[in-house]
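So that you can tell them apart, the chains are marked A, B, C, D, E and F in the order they are listed, and the count of residues begins at 1 in each.
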Amino acid sequence: MANLEHLYPAGKAGFKDSEVTKFHECIKEWNGEAARGYGILGAPLSKPSISHSGAAQAPAAIRQAFTSYTTYAIESGLDLKDIAIHDFGDVAMHVTDLALSHDRIEETFYEVYKRNPDMLPIILGGDHSISCPSIKAFAKAKGSVGVIQFDAHHDLRNLEDGGPSNGTPFRGLLESGAIKGEHLVQIGIRSFSNSDEYRQYGKEKGVTIYTMKDVRERKITDILQESIAALKDKVDCLYISVDMDVMDQAFAPGCPAIGPGGMDSATLLEGIRYLGAQPIVKGMDIVEIDPTIDFRNMTSRVAAHVVMNYIAGKEE
Amino acid sequence: MANLEHLYPAGKAGFKDSEVTKFHECIKEWNGEAARGYGILGAPLSKPSISHSGAAQAPAAIRQAFTSYTTYAIESGLDLKDIAIHDFGDVAMHVTDLALSHDRIEETFYEVYKRNPDMLPIILGGDHSISCPSIKAFAKAKGSVGVIQFDAHHDLRNLEDGGPSNGTPFRGLLESGAIKGEHLVQIGIRSFSNSDEYRQYGKEKGVTIYTMKDVRERKITDILQESIAALKDKVDCLYISVDMDVMDQAFAPGCPAIGPGGMDSATLLEGIRYLGAQPIVKGMDIVEIDPTIDFRNMTSRVAAHVVMNYIAGKEE
Amino acid sequence: MANLEHLYPAGKAGFKDSEVTKFHECIKEWNGEAARGYGILGAPLSKPSISHSGAAQAPAAIRQAFTSYTTYAIESGLDLKDIAIHDFGDVAMHVTDLALSHDRIEETFYEVYKRNPDMLPIILGGDHSISCPSIKAFAKAKGSVGVIQFDAHHDLRNLEDGGPSNGTPFRGLLESGAIKGEHLVQIGIRSFSNSDEYRQYGKEKGVTIYTMKDVRERKITDILQESIAALKDKVDCLYISVDMDVMDQAFAPGCPAIGPGGMDSATLLEGIRYLGAQPIVKGMDIVEIDPTIDFRNMTSRVAAHVVMNYIAGKEE
Amino acid sequence: MANLEHLYPAGKAGFKDSEVTKFHECIKEWNGEAARGYGILGAPLSKPSISHSGAAQAPAAIRQAFTSYTTYAIESGLDLKDIAIHDFGDVAMHVTDLALSHDRIEETFYEVYKRNPDMLPIILGGDHSISCPSIKAFAKAKGSVGVIQFDAHHDLRNLEDGGPSNGTPFRGLLESGAIKGEHLVQIGIRSFSNSDEYRQYGKEKGVTIYTMKDVRERKITDILQESIAALKDKVDCLYISVDMDVMDQAFAPGCPAIGPGGMDSATLLEGIRYLGAQPIVKGMDIVEIDPTIDFRNMTSRVAAHVVMNYIAGKEE
Amino acid sequence: MANLEHLYPAGKAGFKDSEVTKFHECIKEWNGEAARGYGILGAPLSKPSISHSGAAQAPAAIRQAFTSYTTYAIESGLDLKDIAIHDFGDVAMHVTDLALSHDRIEETFYEVYKRNPDMLPIILGGDHSISCPSIKAFAKAKGSVGVIQFDAHHDLRNLEDGGPSNGTPFRGLLESGAIKGEHLVQIGIRSFSNSDEYRQYGKEKGVTIYTMKDVRERKITDILQESIAALKDKVDCLYISVDMDVMDQAFAPGCPAIGPGGMDSATLLEGIRYLGAQPIVKGMDIVEIDPTIDFRNMTSRVAAHVVMNYIAGKEE
Amino acid sequence: MANLEHLYPAGKAGFKDSEVTKFHECIKEWNGEAARGYGILGAPLSKPSISHSGAAQAPAAIRQAFTSYTTYAIESGLDLKDIAIHDFGDVAMHVTDLALSHDRIEETFYEVYKRNPDMLPIILGGDHSISCPSIKAFAKAKGSVGVIQFDAHHDLRNLEDGGPSNGTPFRGLLESGAIKGEHLVQIGIRSFSNSDEYRQYGKEKGVTIYTMKDVRERKITDILQESIAALKDKVDCLYISVDMDVMDQAFAPGCPAIGPGGMDSATLLEGIRYLGAQPIVKGMDIVEIDPTIDFRNMTSRVAAHVVMNYIAGKEE
């Protein structure tokens, strides 16, 4: 852009406060060299969803939400403005071949991890189906993986009735052997949102389940401490999978499967910050935000705070 | 329908997971024989509302919400899939004669109760005006009735200023002698939403009143235990009337009379589950949801959870 | 349902004027026997769309729109209330395998046509990708087919870049040999909505193209008369494919690809009525309505009028 | 209000251009003395509607729309700023007794006409049910009345099925003898929006019917000239009843019964201006706008232009 | 208005319950004489906002919200119906000269305070920029002022980058010497919403800062008691400035700068009631509500409750 | 960006058809060297608007709309894909000093014109106030200027009542002597949207006025031919100022001042194409689109077509 004083490029902000760093200013497009620090990876795929979903638009919506916030975590006494965050962009999805799209996620993420072994990936879905290829790639690159899943649902549906959908990511992971049942912890599972058959399937596989009743009656950090303690000697690293519908519909109005009786955002953010602070936690995804049905991008705003609190935890 | 494999009737779901039972699958159209178990009865009437209301559309919206949830109450360790729920349909309202519509509710419900003495009715309003004929029919069929009303408002307005409206159901019940003041408990009454005149009227009649201040300072189950203890030897059965505006506007955005400072949904659902578990509780209505102004059918979704938690309480 | 006077089944209308027949009352669920008259077939598929589309919800939205209109075509002096319209339901789509979904459309429609040779099919999409399997099935059952396509776009994109999508149905038909280029007429093609490459491809294949400029400068019935004259001796029957985005965005606000400079609804309906009156026209589809982004179901309301005017033309 | 320079009353505009007169500035609250010129009368009633309607809010929405426009009709070379328009306010409706509300309209309007014999009433509905008592009052005060009704619908439904509703105003007028069939002209009647039974009923009563086909094929002023010629020797005065759903849904998106194939706003406004210029035309109502489902108050804005063009016609 | 029984002025409510006083009925237009009690003053200005804001429409939206509530504070056992509240109207803003608009606020408020020394002002913004001239006027009329600011943000931005905006009111007050840093308490400051630079600036000036972490871990009344104790001997009076974005986006969806992790409405209202009860608190403003992006006027409804709870506190 | 096959930069489209050029692909960021061809310049300013306006967001919305269309103008037989269009970005506005913002527009545009004498500017507002500094800069750089203004309003308000606002641009130009009255042509002026005082002011200054009645009764190209003929010997060049509210609200729902009775989009686009083809026309602005109140960006989509048809006219 030429140097006329008051001309700025289209799509950029015309006003800039010289003493404020916006969070998105920490995020740089990946330059192709081995990156250290954090990496943003988008998986804009929602056609595998059982119900109509626009979650493919969430990576853009969450990136947009970063522009509304700053780098300074006053509640932690910490400024993140010198943190290196690399934006690797989004995986290109095939228009009609969904299995191929899942393959592209797995192959692309694996390749990224191989070239950037010191980078901590933060994956922006997409619907929850993306966690299956995402965690496969993670396991292939990083060794044995434990997973802490925030979700109202087990996501252990059978693969026969509808193929690999947003209801099956953890079934797919268990059946393929990519992770073991005893390495999976599910937090926030809710009444009237699951079937006993799938709970039993989970139990038989050794999955640990904390319901919303547990979350209401115990502190979230106690549950997480217990989970980490159980997993840390069994796996090489941990991956957090945050299905935003773990939250109550009042706090996450833009998820496809909304309902009452879920977590509030303060509890989720406290849990994420706690997990970020654990060195064994090395990857995270955020899924199931459909910006086309949200109110004022609220749910993507919470997602941005999930990312920022995760990093604040790591940097504390 | 003919037997082509992939053809399914219009309006039905094309995808079905064989290991999941959706809640609406428990609900069968009433076959005309004496029913046992639970009965859904719609009262799609909102023309008596003082302000413009589309609550007549709530029975359809709540039935729609059931299709989003399953039968399995993991937090209670209970699957409701073998429960018998009969859908008796909706009372046909006259287009222009509102008194006749109220009469039809009373007569139709009474007739249903007489033919189905072992059925526990769950009534979907409609505005709160429907509770007056509904409770009259209930009392006529079941004996003396105590009422536990969740509401931000007393609903004890005089009948002169606007006839039997959504502001008068409990006035109508008290004045007609259908219930006694000492058999009425109001929970969640809120500041700046009522008049002292009507509070005094209630007090004179012997009505018990718990304000939102009480709800914030005590456990909801303590308040309900106290209420049940006071009522159980005086009446033959209890009827719960749930005006959804007892909730804070953040949790029930689709009620006509929204405001801050109300209950959250977790508290309401816990209370309902507790009441369901009391054998003396034999009827319930849910009113004051206007789906035309709601966001993503949220308020009807909470209503579906009220129904499901009530049944979960009963089946525990 | 039992015989209580004012009880009506959930989901039905409580008010009925005995001297008015609503259009949906002409439509009966297919009983499995060989049907005569008209048949409604739903193809609720929009996952093949290049951009995010909820067109899978259009069959339900259009059926809903029928309930708002009556059978009496006063402008034609014709009452359609004794017309037989059979609703064959919707083809069940696979959750994740889109090619299989297209196969199911083709196979199911073909089977329906074979069993019901005297039935005139009216197909409700879905995105425009459904026209490829739909017309293949039609050609297999009915002989050589000419197609009159109302559309702002050629829909002749190459099949390599994204597979069989809503941009490729006519490319797919031409390349598979299901129809010939000289048997395809495109009406309403618009500036800034296509590429010269695809226009040339069409021209080379012998496709006839009328732009919006032609539509503005000539009467729509003249264009159609000319088209019918050119096709009627070359094919056994004609199929109309109505992409609703042929209309200006002011008249069809719920199409995914909206823009100014299109047809108004009166012109489209006049054209459809004219085509309905031609005996050689034996099939029609209506596609590219996304009810999730429409305003008050307006675009599906126009679609209902397309169906009703088509039948009025046939019955004149 | 006290005299602080920059303080202005709540609810008023803070900016005023001294050389512009806004249309609402012509409208003064009626002072109780016999008024000359024009009178605005509100009939905020929509509970008699067959389908859910918020048309009771239209008088307020139309008054609000006046504040967006000025008094200067440049296309007629006419400034209306010195015209006397009296706002008589709205009739108070009973909350639950709809027949009583209709009675109040009739009695109140009659009383207003008696006290203000030289005032030309402009009535803002409400749903179309208000035209029945409104025209009865008009006939009682002014002598025999001819009616020119702009509507997509006959509004001649039987009174048995649902009482006096928004589908019955002209049936009610004919059956009560308040007007004769040969004194009623209906313009804009649309296909698929009526039944043959009611057309026949109208024809038997001598009603003149112009369909939308007539409107598309002839000039609106020709149709109106023909209508006036037929009526002017038979009645004492004419009353125009403008059901806004006579317009296409693209131009009047806020009517309850929207659909394609209707009038555009330029045609309607030209017709109204023509009618205003006829001295025999002495009253008008505007009905069936539901502001709760409109987009940006568009339909009420057209209504404001109907009023302004009517007056411009009278003042030409 | 003339005396026809069922005619009422346009814009007024047609239904009135004789035993209920709506809150807005306590509010009378100021008659120009020295007022006692409470005064409402509107500052409808939002053009100084950094991002696009419609907060200029909030005074009207909050006044509208008062019409939804009553005078009876059942939770405090207190009826406010005899309280005198004077509506002084809104300051007229210049269309294009923003500095002049700020001057008008300061001058007009000062003049109002001088003429009404015993009136407690309640100021309805507007964006937060109005607090700078508002507090200057307050200090000039009332003596030295301490400020308790509820806000997610410091609002201490430099004045060079964009002039006096909604990011600078407290910077403007400190730099002009209108208030001292040690007389300013900020409550609810949130992570990722500020910069360390401005926190340091505040600290250097002696500002007291409570973050949302403090609010989550302590009772709001403890924090306020501590704040009052620190200020009460240093200043003549206290002014509360309530930026509604101190609340979580679930409770205040209509603020321009929304995000998760904020206060709930019950906490804010309890704090306000506590502050109202302190005699040293003599003024309050409520800012940063943009009704054009709110859902069902929810945020203005909370603002109405802030006003009502403040008065309830004062009258206890 | 690194070279992984399926990875694409955030914010870009993942699907690309190799045979289609999207219109925005013609637009390149200005490289600082003297540009030939067309230039896009944004003036994102709407704080000077009399009513609340978000028109500052229109440059971004129009640029976004370009991504929905292609370069091929089939109706003109013309592909624009090799046209050079330079995006100069947007002028940075001051947050609070509106006069300074106007100055920056004038200075920046003048500087751009001086450095790029062979570039044809296309200016994206902003409210109409930006046309005053924009045309001043144009005149200073290009010589004497004639202006063809499409608008429902004169925009000749006095400058005393509210300073230089969106109601005053042409008053400001006439009073400053930047243009002469006889060099200004206004097209589309509408009834009830102006005052006689300002029409008279215009007439006295020699302004030519065509009302909507003229547009309805004559062909738009006749009016424009007449206008060009009158201007072409008196000025060095022509500038078109397109206030989108010249269109009917059905076609331009996102303008602040909407109403019925305006132009349809086909007429406007035909006029623009005609003007583009005149060599004396050398500049254009498009103003008064508020994307925050639009439906599906419809009004910005028409604006994109205004730009594309203008260029198609020039290239014919």
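Here, contacts are C-beta pairs under 8 Å (C-beta built on N, C-alpha and C of every residue); 3 or more make two chains touch, one makes a residue touch a chain.
From a predicted model like this one, the values you see are computed outputs, not experimental measurements.
Taking the definition of touch as given, a chain qualifies here only if it contacts chain A and chain F alike; those chains are C, E.
Most remote chain with respect to chain C, judged by CA-atom centres, is E. Between A-F and the choices E-F, A-E or D-E, the pair with more than half the same contact pairs by residue number is D-E. Separation between the centroids of chain A and chain C, computed from CA atoms only, is 41 Å. The distance from the centre of chain B to the centre of chain F, with each centre set as the mean of the Cα atoms, comes to 57 Å.
In chain F, the residues touching two or more other chains are 15, 50, 95, 161-162, 250, 293, 295. Under the contact rule defined at the top, the touching pairs of chains are A-B, A-C, A-E, A-F, B-C, B-D, B-E, C-D, C-F, D-E, D-F, E-F.
Touching chain D in their complex are the following residues of chain E: 1-12, 14-15, 29-32, 40, 42, 44, 59-60, 63, 87-93, 95, 104, 107-108, 111-112. Those residues of chain D lying in contact with chain C across their complex are 50, 157-158, 161-162, 167, 189-199, 209, 211-213, 216, 248-250, 253, 257-261, 293, 295. Residue ranges of chain B in contact with chain D, taken from their complex: 47-48, 50, 52, 54, 56-57, 94-99, 161-165, 292. Residue ranges of chain C in contact with chain D, taken from their complex: 15-21, 23, 68-76, 79, 250-251, 264-266, 269, 295-296, 298, 301-302, 305, 308-309, 312.
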